[in-house]
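After this come two complexes, each holding subunit A, first together with subunit B and then together with subunit C.
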Partner chain A sequence: MGILWIKFSKKLDLITDKFVELYARFRELISPGWSDKNQSRIDELKLMLRAFNRSPLGVVGFILIALFFFLGIFGPWIAPEPYWGLFRYPRNMPPGWEGHIFGTDHYGRDLLSIMLWGARVSLVIGLLVVALGVPLGIILGLIAAYYGGVIDEIIMRIVDIFYAFPALMLAIAMAAVLPTTISKFLFSVPALEGFFTVLFGIRLYDSGNLGPMLAVILAMVIVWWPGYTRMIRAVALSEKEKVYVEAAKALGLSDFQIMFKHILPNLSSILLVMITIDLGSIIILEAALSFLGLGAQPPIAEIGRIVSDGRQYWPDKWWLVIIPGTFLFIVGLGWNLLGDVLRDVLDPRTRRSIEFGLKEKPVELHDFIGLFGDLAILAGFVYMVVVPIDIPGAFLMTGPVLIAFLLWKGLDSHSLLRKVRVGKIVGLVIYVLSYFAITTYLAGDSFVAMLIILGGIILKMVKDELEGEVGGFE
Partner chain B sequence: MSEKEVILSIRDLYVNFYTYAGVVRAINGVDLDIYKGEVFGLVGETGCGKSVTSRAITRLITPPGRIEKGEIFYKRNSEVIDLLKIPDEEIRKIRGDEISYIFQDPTSSLDPLYTSGFQIAETMVVHDKAEWNEAWKKAVELLKETLIPDPESRVKNYPHELSGGMRQRVVISIALSNDPKILIADEPTTNVDVTVQAELMDLLKELQRKKGTTIILITHHMGLIAELTERVGVMYAGNLVEIAKVEELFENPLHPYTQGLMAAVPNPLQKIERLIPIKGSVPNLIYPPPGCRFHPRCPKAMPICKEKRPPRIEVSPGHFVECWLYVSEEEWEGKNNE
Partner chain C sequence: MAGMGRYLVRRAITFIPTVFGVLFITFTIAFLMPADPARVWAGGQKASPQVVEKIRKMYHLDEPFWAQFYYFTRAILTNSIYSPVTHNLVSEEFMRRIPITLNLAIMAMFMIVAMGIPMGIVAALKKDTAVDNAVRILALIGYSTPSFWIAFIFMWVFYNELGWMTLVGLPRPSEMITGIYILDALLLGEWKIFIEINRRLLLPAFILAFILVGGLARYVRNTMLDVLSADFILFAQAKGLPPFRLWRHALKNSLIPVVTVVFFMFGGLLSGAIITETVFGIPGLGVLYFAAISNLDIPVIVLSTLYAGLIVVIISLIVDILYALIDPRVRL
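Presenting the complex of A and B:
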């Protein structure tokens, strides 16, 4: 998207700069003189956010995640109907039925409302798993790396034991074993029971489900911490060899101070990226567990559960699977995009390589053509997945289209071929061939989607030709 | 010299590194006395054990390294303690407070995430010398003492915002923040500009004169040794082969290695036509040569050098050398029969 995005992200810069200034003013209120003392930190923060704005994927990821947080926090309140109104409507009605945007589910409830209640559960579970698992992993990883020797061996062998089991299997076993104990404990502490019902946004009446839900959380914590221990140990091992750690030791700092004040903060950017990407995986693993019937039972709204209930009607009533599935996909994608871009932005070395668009180029016709091409390709894929009723046809086509698209992209940037521009031509030929190869499976809507994507690719080619650029990554 | 008070005395120190290739005998029986208020220089080529000796003083040797045996007596107020025997908590209190270090590379010896002021103040707070506010004010004063321009704004700077010379000044400020009794400067000027080197050295000299700190200066720069130090120890392959006053060492080097060293570097006191390198290379310390470790490269080697380690001889007051050349006939007999 190039120059158009840079133009747009400069507008975003104004917003993020305002936010940083607001933050500085807030700190100033708490402790006068703060912003004067930390001017360099404020500038760095502004620069970091500007670098972030330069990445369309990052901004999209951020918007998706912000939306997810919004739905997760306020979902239960904005949901039009409660999750416990079972069999209020006919079951499995299609989207748009009598004003229900997403239709109704297996239990005859409004699917949109169920999704909103389910978002809260997903968000809370994801955050709780991170809040419990990450500190455990960090502490053990730091201790293993810092002390080395026998302590390292013991901790890492325990980690190996956990790694020896397939993660999903271990989580299933734990989630199946733990609920009774947890329930017993919860019911003996009413305050805790109340706290968790509020947190998950469920009725006190359904508190019997807290045991299984917390069991799923604990199971995932048990599965998750070894990854953090391994990662933190690996990076801390190289960090602790740095001279400043030895200097800190020579200055008489205690081991605890060195580990948590000097080594850990230096790992924070890696940690933040890993947590961000993992949050997506946790939500999906949680959905997988509830898909298998572990965790909360109906009527509690759980995204994985909705998919699992809708599975029996697949593919006739595709919306029962596609809608919650798309939700999970988007949340996972959002976290991944965000994490990916954060990695580039938080690392000062890659941050410098992000183009800030200082060399202003005028916006030309081909920029718009390229933008339309991108949008057309995106629209084509969305159209193909969402609109056509013949799901098998769409699936059959996604493969060849993707391959053709990647080939075109890949050959385009290939160093040998980029000079002669055969990349695009070869890509187009393969694309057209695969297009004819699957023509037999084509049906109306999918055909339209194919045409839109093809049009998008051609637009992109026209744009490249007009711009006079050969490689896609120059 | 002898009437001076000994503040630190290393006795029979052995340090080994247990690597995959074998046991590296890095320090092989070092004896050394440091007097209060002096500047002691430690010279030798790379890998001869200068830094390891200095780190062993406060037990900064980390695995695979191990202090095998020895004693390091430190005179603390009026009592004498063995630094190798006191508990970890005690040695931690001594580090950075009574004995502090300046490391070679100022760029990497500062934590990139904290401001210079924080890192100076932290040292004082850790040793309960001051509260944060007070420590912060003292950090500004310390930076002023180390001649950093505009110290009030420099305390707020992160290490990457400072130049190399300034960073090293911050490191020096950190080392001096608790008024240490002993300051160990491990090649403090290796990684900074030549012009800054001179300034830093003047600074250290000035501070030493003002506060009477004992300084152990580790370097392979003979110019610095000649300019700054009072006494010098020469190390070779884990042995301290010669200790002498600086003038005496430059005028009358006794050990063949020291003589070679003097011939290999431009000597400010003598005019030499051509620099003569020492033949051969540093021995592999996993399989050190038997007897005197220098004998394979020594132009004056004798048969006994291959068999027995030379004893330490005081040739003239305060001038020690470990070499068979200076052992008289009757002593030789006595040592041989031991």
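Presenting the complex of A and C:
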């Protein structure tokens, strides 16, 4: 696994390096001479992304989020059916019913389609909450930290008050209070109404739902900004004492310039991590609110709403709860994985340790043993699973061919392995394994396959024993 | 304890405005409620104008914001707030529900502490191994699990399939000693009731724990690692202390911030787990609050929010005072 992942992540390095170069070229187009001046920054960025690539969790998180963004942006276009086609089919049909992959929902719509429409709503709500709440939190936090004294005291007391309420409780109360006011305001500004209908991907006919939806967004903004104010203030307080701020003051820069042009950029990596992790929580909290019946009403597609409509049929019609719930879980997990790995990668201390871990170690005997152990386990499993099905030719794949293929692929990745004369050892192991496979096949029972697995496990244990303490990033 | 008195005074000065602010915000939320509450309480559209007018007078709904705020504060202090929907004294309604929520919170907190702290310590001692990664992944899964989804899955496994749990009723022990059902049943030795309470509340408590435990474990791990890299640990190492004694020193020092987090988690649980209680139909504070929102039961909404806010404010006061007692640097 480890070797295969390193091979894979090196391919990713090529892609991310290309992206960084593309970015540099783009900046070069805007302001000629940029990449010469910022060569160190470009290298740092490349290294950062390489460190990110070394973490399978981070890459998985990134892929999940990229998928979520894709579904959120293009969902309404790729959805086979519109969300407003109520009662087109029988209600609550199981997955696979007449070609509907996820079945139909409580209102007789194609569940896959409304999930795609709902993804757009989730994405837009998450991004809007961040776009409104984070700047507010940043500004107040910077002001509190920079000026201190009475201003700091007042802002932080207000933050304390908002912090005192449980997030869900305050959000529920706000989401229940605000809709009418917002609706009134929205209907007085038709351009804004049109803008939001396009953003959420809903019909103008359903714009009555904009009020509740924006109320949910505002409610979550109210819940979220104090966290950012607290965090920014705490970091900015220590940043304020540094020499570069003194220098900027001595140069006669205005307070505004010092705060936003000099202090704020130094907080960007912490902010990025916090926003990434919070986006997951925001999407889940939004679903919780719509699960409780707040926010958009049917026919608008909202993930939490699908769950709450389907819960009365639980567990007979499980797909109404499980499919949207799993979607939410995966999206939340994606954001959290991404944020967690970004925290490691953006923190210079931990990043260095990742980079040191990247250095290629010389290959030692126990690496081979471990590799063969893995392959033996794999071969045993493949043997047990594939052979009983009696597919002609599967037998050939089980033993030597598959193993040889994997070995060749796996070994090729480790550039250092080429220097070692491995041919003989590999050949021997393949021979032994294929011998076992053939005899078992002829004997017609999977007992020997078990033996192969056992042998693999023993080999793996030997490897661990040789290696001593397991360390490193993978 | 030099300076302790002055610290307490200073802390109290910031405490009172926060309480007042919490009250003010909750009342503003209720005041901004869009619908006409008097009409809803009188029975909707068909209500006669006289009744609506009478209710409006009774609850001072026709007066300006500040007057209403004054009446409301006075009513809180004299404990004379009745729910216009259920016609009960709100504080009595609270008293009926607090034991249930408290029960759930204590069970959940017990599981969180019993699982989270050992997991965090092991993860810190076995940094960068499979154990550490497992704790990390568990924490991430906890953060990103929608509670209603996991609740339905567990409900299916333990109720529909295994039949270990029940979803109705909540038996009480014959006598109240501490007011917490599960403890009372244990103290009185009423095992049947104890098991019944567990069958009803163990699953929701476990779901609350599942969502929070990883976070606590990770927090314990990080503080533990911070402490392990501190100078006094290096000194103890140089002095030649065996690893076991070393860990004990580290543990003592890292548990102080952990206690804060545990306190705040408990505070959050005390104000009622709205989603978990709704899914499992547990008549606790969360369900009361949610029902009040749908019925426009403004007194209950305001008092629930006030209660939740007060708990957090009081807990932070307790934590600060504890800190000041333990750590003299805070007092200065």
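The criterion applied here is as follows: the second predicted complex is superposed on the first by the 353 of 474 C-alpha atoms of A that agree within 3 Å, B and C clash if a C-alpha of one lies under 4 Å from a C-alpha of the other, contacts with A are read in each partner's own complex, and residues count from 1 in each chain.
Rule of thumb we're sticking to: a residue touches a chain if its C-beta (ideal position, glycine included) is under 8 Å from a C-beta of that chain, and two chains touch if they have at least 3 such contacts.
Just so it is clear, the structure is predicted and the values come from calculations on it, not from any experiment.
Chemist: Just subunit B (first), just subunit C (second), both, or neither: which does A:314 touch?
Modeler: Second partner only, subunit C.
Chemist: Pick one for A:12: touches subunit B only (first), subunit C only (second), both, or neither.
Modeler: neither
Chemist: So, does A:234 touch the first partner subunit B, the second partner subunit C, both, or neither?
Modeler: Touch partners of A:234: none, neither subunit B nor subunit C.
Chemist: In the three-chain superposition, say which chain, subunit B or subunit C, touches more residues of subunit A.
Modeler: Touched residues of subunit A are more numerous for C.
Chemist: Could you look at A:164 and tell me whether it touches subunit B, subunit C, both or neither (first, second, both, neither)?
Modeler: Second partner only.
Chemist: Just subunit B (first), just subunit C (second), both, or neither: which does A:325 touch?
Modeler: second
Chemist: Let me test your reading of the model: by the given contact rule, A:182 touches which partner, first (subunit B), second (subunit C), both or neither?
Modeler: neither
Chemist: Is A:148 contacted by the first partner subunit B, the second partner subunit C, both or neither?
Modeler: Only subunit B is touched by A:148; subunit C is not.
Chemist: Kindly classify A:251 by the partners it touches after superposition: subunit B alone (first), subunit C alone (second), both, or neither?
Modeler: So A:251 only meets subunit B here.
Chemist: Go through subunit A and flag every residue that touches subunit B in one model and subunit C in the other.
Modeler: none
Chemist: Name, in rising order, each residue of subunit A that touches subunit C in their complex.
Modeler: Going by the criterion above, the answer is residues 57, 157-158, 160-166, 168-170, 172-174, 176-181, 277, 280-281, 284, 287-288, 291-293, 304, 307-308, 311, 314-315, 318, 321-322, 325-326, 328-329, 331-337, 340, 470-473.
Chemist: Which residues of subunit C touch subunit A in their complex?
Modeler: Residues in contact with subunit A: 14, 17-18, 21-22, 25-26, 29, 32-34, 128-130, 136-137, 140-141, 143-149, 152-153, 155-156, 160, 268, 271, 274-275, 278-279, 289-290, 293-294, 301, 304-305, 308-310, 312-313, 316.
Chemist: If you look only at subunit A, which of its residues touch subunit B in the complex?
Modeler: 37-38, 40, 148-149, 242-244, 246-254, 257, 262, 265-266
Chemist: Please name which positions on subunit B make contact with subunit A in the complex.
Modeler: Going through subunit B, the ones touching subunit A are 58, 60, 63, 92-97, 100-101, 103-105, 108-113, 122-123, 126-127, 156-158, 161, 171, 174.
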